[in-house]
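You will see two complexes here that share chain A, one where it goes with chain B and one where it goes with chain C.
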Partner chain A sequence: MSTAQSIYPPVQAIAAVVIRELYRRKDFYVLFVLTALITLVLGSVNFFSEEKVVRYLKEICLFLIWVSSIVIAITTAARQIPAERENRTLFPLLAKPVTRNHVVLGKFLGCWYASGLCLFVFYLFFAVISGAREHAWPIAHYFQGFMLHWFLLGVVTALALLGSIVFAAPSSNNTITLVVVTGILLLAGHLNKMALNLSEPMHTLVYAIYYALPHLEFFDMRELIIHSRPTVPWLIWLAALLYATVYAAIFLSATCFLFRKKAIN
Partner chain B sequence: MDAILKIEGLRVEYRTRELGQTTKVAVKGLDLAVYPGEVFGFLGPNGAGKTSTMNVLLGFVPPTAGDAYLFGVSVRKPIARQRIGYLPELTYYYKFLTAEELLRFYGKIFRIPKDQLERRIEDVLKLVELREARKRPIRTYSKGMQQRVGLAQALINNPDLLILDEPTSGLDPVGRMKVRQLIQRLKNEGKTIFFSSHELGEVETVCDRVGILSDGELKAAGRVVDLVSDYRCDNLEQVFLKTIDFKLAA
Partner chain C sequence: MRAILLLVIAFCLTTWLEPWFQRWKGDRSGDVITVALGDSRKLFARHFYVKADAYFHNGYYPTIYDVKAGGELHMAAAAGSGTHEDHVKEMDFLGQPKDWIDWFGRHFYPSEHTHLGEEECEHCKHGDDHAEHAEQTEGLEREMLPWFKLAATLDPEQPETYVVASFWLSRKLGKINEAEQFLREGLRANPGNFEILFELGRIANEHRKDTTRARNLWVLALENFHKADQSVQDSELLLHCGLLSSLAKLEQEQDNKAEAIRYFTELKKYSPFKDQVQAWIDYLK
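After this line comes the complex of A and B, so read on.
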């Protein structure tokens, strides 16, 4: 039996339970309804010229999608392993031919697929709303934007899973991961400029942080979609997906390592 | 006859954070063997090392020294757990799943082919008397039903060895009786059962052999009737108290 054949059934089974949990919980529905409601209410207000209203509407809608998707990814991933421990379901699970690596991989894939499904619904809503106003369907933009966004959620999910092993309470993990992700999105791109004005050793330190951090802002295609600019060259787009895969793999490896060391009795 | 479950010189130590003490020895050189078709009761007061031993058998904790084998395979390898079923004490299974979905999930982990798995789910739900409630979310189940769904998940792979950790803990008399009947039925089917319990009456009824653990050491092991006669006692409870050096208040 190949390695892939031997690891996939438990990983797939664990991932399927995570997806089932997400669609049976209310989190996604609440955030979707809120996003839809705010976008539709804002869309019904007609001020300035028609074109500007559409751009403004797209900007608000995409911003809400970004916030909602990151919240869903973090809260879903952060509670997985702590809930297994708290409810003691980890014991019957690990008493089966399942390793801790299977658990981490299964949880990751489940959270990533689940947040991908939610994201797809959000983007579909966005496409319908902007298509109805602009009478244009830039499929390539949406595809690139969706995939980059989904891979970013992969990095965020892996980070939240790592946090769930390091921090004792899911609530503190939620807050810390959310602050870290927001911080990276807002500041990481400017760290190199900041470093230029600093003296040693801060100059080197800030530069090291700049290169070590996952640059999540690379995955933000909102401006291109809102202003209908040309799509990202496909090779660069592929490189960005690879970049996200590498960071997710690093965070997952760290999670597997720490989880294997963790006493679960 | 080859032992299904074998423990050789098992030692389990935990690091503690208490001042002046670096390790706590939970199990000290335990040797034990359980043979096919046996119901073995694993007894001991709280803190005796029962849970630590079970944690090693299930691969949750690595042994500090010695080893344990299931079907001749070291418990350090996940494949050793392919033919076992485990019922933990007080587990709250995924509340958003139904019993049927939960069993399908565990069945997939064992790579049971789809048609066989559906038949197995049907059989196990019938055995634990949960067929009517199969489509209801587990969060709506009573404690007794939750324990039976736990037993069902332990049986989904038709295991040859069942490891049960306090299977009747927290259940009312009817629930206890049902679980006891199930254990008896599984014993009649030829399953090997290794279970820990504080209910000595129950152990006396269903076990072929028992082992009494205290301070991490096996103090006594054998058939209940033999132990009662060897220790010149009237019942298992008295044997238990004698082996753990419990002094009754005057």
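After this line comes the complex of A and C, so read on.
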């Protein structure tokens, strides 16, 4: 308890600075306005005088939310530590009773909370738009979808933080993390089917990658929301959140380890 | 000052670009989509047409990594032939879970085969029957419409899009005017297309009760069918039989027995149910 009490104040202080930084930057505002604009324009299109058509709108809006949230999470996380080093604010920060682990944890929590805040605004907009059109409010779907999405952003944020220690520039980190995340989202769930068609040793190798990769597609329940399918069983949903927590912890541990070893000047 | 400079530059550029564009000999006949996408628009159109089928299955649809039998899409088959059992078998592309990740992942995307209007809500799962759900699921076929429209915009030379959209509009959603208008758009893009003419005739006969117009449309469709290549005629055998049987039935209803027998006789050559067709001919004689 005393360890947690000693860790929390500096971590919380660093996280608060990251959240304040998000308010000042224009990334979120631009992406939100773009998402809202595209959704509203598409929502105004008339298809065969059918006013209740809504699923296409939900699909496009959720797609834009996914793209925007991943871009916000990666770009916010990737610049944190390099910016501190470049501005030489990392030295005074570490001169205080703050360890490198505190910095990593604080940056992670700040980025994750900030992503969650943006995501909440996006989902609120989505719920209002689809509710106004559909006259239905599937709150359980939205809650499950939002939480899974937020935990996915936790894994992505941790991965981007790890990248910021490994790669030299934030731009390369942004690109590589974005490609990796997109690749995992599109391919990870199908690697087992690919492995079945391969001969040894590729079969074992692809299967090993399949088991080792974080399956980010678990957190994508867009299709269930769009097609008004039943919600995910709550125990399975909790297990998915736990799965994300484990992967985020692994990436954060690796980040802390590498950051401790790295010369900051 | 800078704004004025920019304005002057923009104006000068316009005076130079506009005459250049008017003199340009390049192709400016196509619309913006054709110019921007070229022939790739057909790929996108096919994607959106398939998307409508995915919506028909409430998102339960194979990816490029899943093994799926080829052939007609189910939303199109619903407008034509095909048994339900064959379809259920064909759509069981997921099979048994291959590992625990596969099993776990299936909870997060649609992994049960249903069609639009067959969704289960929380009440249905508990075996309760309720009017609210029936009201909500009524007319859900409308959700496919945006993708048909988009597919037709991108590739207007695909008559199947118009015919399938018209089927859902007229038979399931009761939007006869919209269906007819969409088919006419299709006919403008594909002049004399026999599939579209056949569907227009069906609307005239079934919904407008205008038998003269239906006959004229079907006769024109049959003429255009006979003018088509042999390969096209062979691939559209079902449509040919449909045309002949529709015309024969129409003539029978109008008491034109000689014409009805003529169409039934022609139908007998192609129909797999020759005995039944002969029985109709005997009955009419």
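The rule is simple: the second predicted complex is superposed on the first by the 258 of 265 C-alpha atoms of A that agree within 3 Å, B and C clash if a C-alpha of one lies under 4 Å from a C-alpha of the other, contacts with A are read in each partner's own complex, and residues count from 1 in each chain.
The rule is simple: a residue touches a chain if its C-beta (ideal position, glycine included) is under 8 Å from a C-beta of that chain, and two chains touch if they have at least 3 such contacts.
Note that the structure is a prediction, hence the values are computed from the model and not measured.
Touch criterion met: A:189 reaches chain C, while chain B stays clear of it. Of the two partner chains, neither chain B nor chain C is touched by A:15. Within the superposed three-chain model, A:215 lies in touch with chain C and out of touch with chain B [touch as defined at top]. Legend: residue contacts after superposition of the two complexes on their common chain; A:95 is shown touching chain B, with no touch to chain C. No residue of chain A touches both chain B in one complex and chain C in the other.
For chain C in complex with chain A, the residues that touch the partner chain are 55, 58-59, 63, 65-66, 98-99, 101-102, 104-105, 107-110, 119-122, 125, 136, 139, 142-143, 145-147, 149, 169, 173, 175, 178, 182. On chain A, the positions that touch chain C within their shared complex are 45, 47-50, 52-56, 136, 148, 189-190, 192-194, 196, 210-211, 215, 217-221, 223-224, 226-233, 236, 239-240. Touching chain A in their complex are the following residues of chain B: 14, 51-52, 55, 58-61, 78-79, 81-82, 84, 86-88, 90-94, 96-97, 101, 105-106, 108-111, 150, 153-154, 157, 163. By the touch criterion given at the top, residues 9-10, 12-14, 16-17, 20-21, 24-25, 87-89, 91-99, 263-265 of chain A touch chain B in their complex.
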